[in-house]
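Just passing along the structure, written as structure tokens.
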Amino acid sequence: MIQFSAEQVAEVLQGTVVGNPEVKVHTVAKIEEATQGALAFLANPKYKDYLYTTGASIVLVNNDFKPEKEVQATLIKVPDAYQAFASLMEMVAEALYEKKNGIEQPSFMHETATHGEGLYLGAFAYIGKNVKMGKNVKIYPQVYIGDNVKIGDDTILYAGCKIYHDCVLGSNVTIHSGAVIGADGFGFAPTDTANYKKIPQIGNVILEDFVEIGSNTTVDRATMGHTIIRKGAKLDNLIQIGHNVEVGESTVMAAQAGVAGSTKIGRNCMFGGQAGITGHITVADEVKLTAKAGVLSSIEEKGAILMGAPAFNISDFRKSYVYFRKLPELESRLRSIEKKTQDK
Amino acid sequence: MIQFSAEQVAEVLQGTVVGNPEVKVHTVAKIEEATQGALAFLANPKYKDYLYTTGASIVLVNNDFKPEKEVQATLIKVPDAYQAFASLMEMVAEALYEKKNGIEQPSFMHETATHGEGLYLGAFAYIGKNVKMGKNVKIYPQVYIGDNVKIGDDTILYAGCKIYHDCVLGSNVTIHSGAVIGADGFGFAPTDTANYKKIPQIGNVILEDFVEIGSNTTVDRATMGHTIIRKGAKLDNLIQIGHNVEVGESTVMAAQAGVAGSTKIGRNCMFGGQAGITGHITVADEVKLTAKAGVLSSIEEKGAILMGAPAFNISDFRKSYVYFRKLPELESRLRSIEKKTQDK
Amino acid sequence: MIQFSAEQVAEVLQGTVVGNPEVKVHTVAKIEEATQGALAFLANPKYKDYLYTTGASIVLVNNDFKPEKEVQATLIKVPDAYQAFASLMEMVAEALYEKKNGIEQPSFMHETATHGEGLYLGAFAYIGKNVKMGKNVKIYPQVYIGDNVKIGDDTILYAGCKIYHDCVLGSNVTIHSGAVIGADGFGFAPTDTANYKKIPQIGNVILEDFVEIGSNTTVDRATMGHTIIRKGAKLDNLIQIGHNVEVGESTVMAAQAGVAGSTKIGRNCMFGGQAGITGHITVADEVKLTAKAGVLSSIEEKGAILMGAPAFNISDFRKSYVYFRKLPELESRLRSIEKKTQDK
């Protein structure tokens, strides 16, 4: 078990120790759950009461924080406690998990595939024809990479994700297990007999730099052209992205959200879980959708916040919903007036 | 880069060239996005304005189409521009993507498994005992096929899909990556202690000819008997089909829809994304559900269109929703009348 | 084909034969679908009419059941027909499906991994460093088990499920194909530039004894600490469980439900399909959610039943929904009163 003293942590974070600089920690924890030997942080003032009851040995706080009572834990003051904690987590993760390296056997790499230094290729991974991989690419076991795929530097593909042919992945992309990138979009032409004729899907998917794709999320290839997930966008688990969709920079979507084909979504949007967006529409930048929102038409207002299915302005939805819950009461008020006015 | 002249394309499609028969194309594109060297099509009159501004070198149009202004592109007139385009896409896809063939190593085929000619077996694919495969079956890397599975001719299983034991797949079936066919249905008998006893699921799944199953979709095996997806039905990604469900011929479902156990769905139905259907009910032929619709009881009317959760007739739902959005206003109108009638 | 006589079945179930003890069965079926040679059961009185028309050769009935008409089938009377049938299904399943055993090649087991007797390790399965497996663990082909994972006795991992490093699985756990246990939770710290910085996820997932996880379900690892699925909980397919969630004992969730990060759910809850629960809340024991319910705040009442999105008491929701459907009519009643009161 590796331990660090408050003094050592403060040095790394360039913070100031308030309390015992000798106290040692060996793990990190949430302030409300932390016990002796743990380091926690306090960033959100909402949680400040926990500071006086926490079992944590060390707590990171913002420089301007002033305790109102006595504190058992040693404090380390830093400019931004949350950022400092995130940095520390990174150091912990690096210490805990060695970077995977080398080529495990059996694995399958076509003779025409190329790669830079620092490759990890797990057992049972499959690399197709003409695949081009940059430096420090980490491919976990049982990953499938179809023909002609391009992968940038420092990209990580976790166990068993599947990348169909011709897709392009930027650098620092992360894809979790079970995600499927580039399967055929849902393209069928109805025929006279009410059967469907499959339309070949000859486009691809482009994931730009710093994109993260959650477990079992599916991003369909374009019918023609590209399905594009822009730089820094983050998709949680079990999300569906239809063919020819474009997701803007740094947009984030929570689990089980879905976007139908050919829709274009702006940058810095935030979509709640199980939200759904219809096809062939446009969503402005910085739009927020609550969980389960259902969007049926384009959203032009930057920064709009929508709720409901079909979705509209969140505060209007909430007002309507208050009365929805009171509908039986409204109806009985209506009935009582009807009676009154009939009586006369 | 392979190129085709307008004349060559027209010959293949049995169409008529209007314009320069020598102009050449090397790709296909949407009419609104096409640039020089691309072939596009115009089927929907809604898009006709693009014809005069498109950069496409060739545009397929219907025989009866008459341009209203001068057109830069060479036109090829055909009886049905969309169908002609779909056929062309198929030819392009065939030219672009060679059919996979042969057996890659290492792969695993049990000695009792049999197959017809034209098999592709990708590396790390697993074929269990007594599996029977027809002609031209294409099994991509990392596919799993359990014991006793039967697979018809010309069926394609993309990388990493999983077929549990005893399932039956027809011919011309397509299954995308990550789909799971035949896992145990959700069958648990409550016991006295509020725990659950697992009920073995000894039925199977039958996918008839021309069925297509999207990425990460799950179709559970029957408790007893069969879960059946009928001929030509198309399921998009991340769909759940419960045990003992029957999906009718040529029915299509968009991504993230779900059908609970023992429900029977008619033919030529169309379900929107994230629609949900409860268990043990019947849905008539040609029923349409909007995205996010929630169906709680049988639908007997052929061709009904439903919306909402719980779902009812789409035009009734829309009318109700108009007033839902106005509920605060309705309440204030009610209050103002209450005041008036009290005053008297 | 193995056959059993009514006498033999009755002996196994300790029941009493009414009718021909020599009649033989070779399969099981639902009473409404059963044909000659099949055994069926009648537990729910709702189905009793089928008893007089069924083609089943043997029907299990409760001891206190008295036929009202002549019955063709041989009856076997038992204390609990459903439980007896479930037991019989188990015996059938055991007879039908031999237990997998032994180590198929090629598979990958790190030299530091350990296991008890009765192991099945399918081809192309991957076992990382320091993995510890108990007795009778069954690992199907293409499963991935990351470093330091612990697995209890009699646990079954079906083809292609993925378990990330450091997770802990109890005994008698069942995980279906495509499920992903322990992928990174959705943890990103917003930075000044509206990009996101990934927060390493250094916790794990604990699945306690008798947990069953459906196909393509995802359970994220904790940021710190544990995501926990308690003893006997059953999760259907395509479910999302966020980081640091706790699911109580014997709680069951239907397909496509989702629970956001850090929420704590009680025991013996039942959630319908596509239900969604927001993050950082608490749900009491025995709470029921209908399909598609959306929960936005803690539920403190034990046994509460909720419907709608946002969800509230089911009978209140239903009453409100009745009037929602009648909103156009309510508005017209309101308008007619307005007219009346204006006239005066």
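Should a chain be cited, it is by its letter among A, B and C, assigned in written order, with residues numbered from 1 in that chain.
Here is the rule we go by: a residue touches a chain if its C-beta (ideal position, glycine included) is under 8 Å from a C-beta of that chain, and two chains touch if they have at least 3 such contacts.
Everything quoted here is computed from the prediction, not taken from an experiment.
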item: Degree value of the rotation bringing subunit B onto subunit C, based on Cα positions, nearest 5; value: 120
item: Shared interface numbering between subunit B and subunit A [over half = same, under half = different]; value: different
item: Whole-Å gap separating subunit A and subunit B, where each centre is the average of the chain's CA atoms; value: 26
item: Residues of subunit B touching at least two other chains; value: 106, 124, 142, 160, 178, 216, 238, 256, 274, 309, 324, 326, 330, 334, 337, 341
item: Subunit B - residues contacting subunit C, complex; value: 106, 108, 124, 126, 142, 144, 146, 160, 162, 164-165, 178, 180, 183-184, 186, 188-189, 194-200, 202, 216, 218, 220, 224-225, 238, 240, 242, 256, 258, 260, 274, 276, 278, 294, 296, 309-310, 312, 316, 319-320, 322-324, 326, 330, 333-334, 337, 340-341
item: Contact set on subunit A toward subunit C in their complex; value: 27-30, 33, 82-83, 86, 89-90, 92-93, 96-97, 104, 106, 122-124, 140-142, 158-160, 174, 176-178, 210, 212, 214-216, 232, 234, 236-238, 250, 252, 254-256, 268, 273-274, 291-292, 309, 321, 324-328, 330-331, 334, 337-338, 341
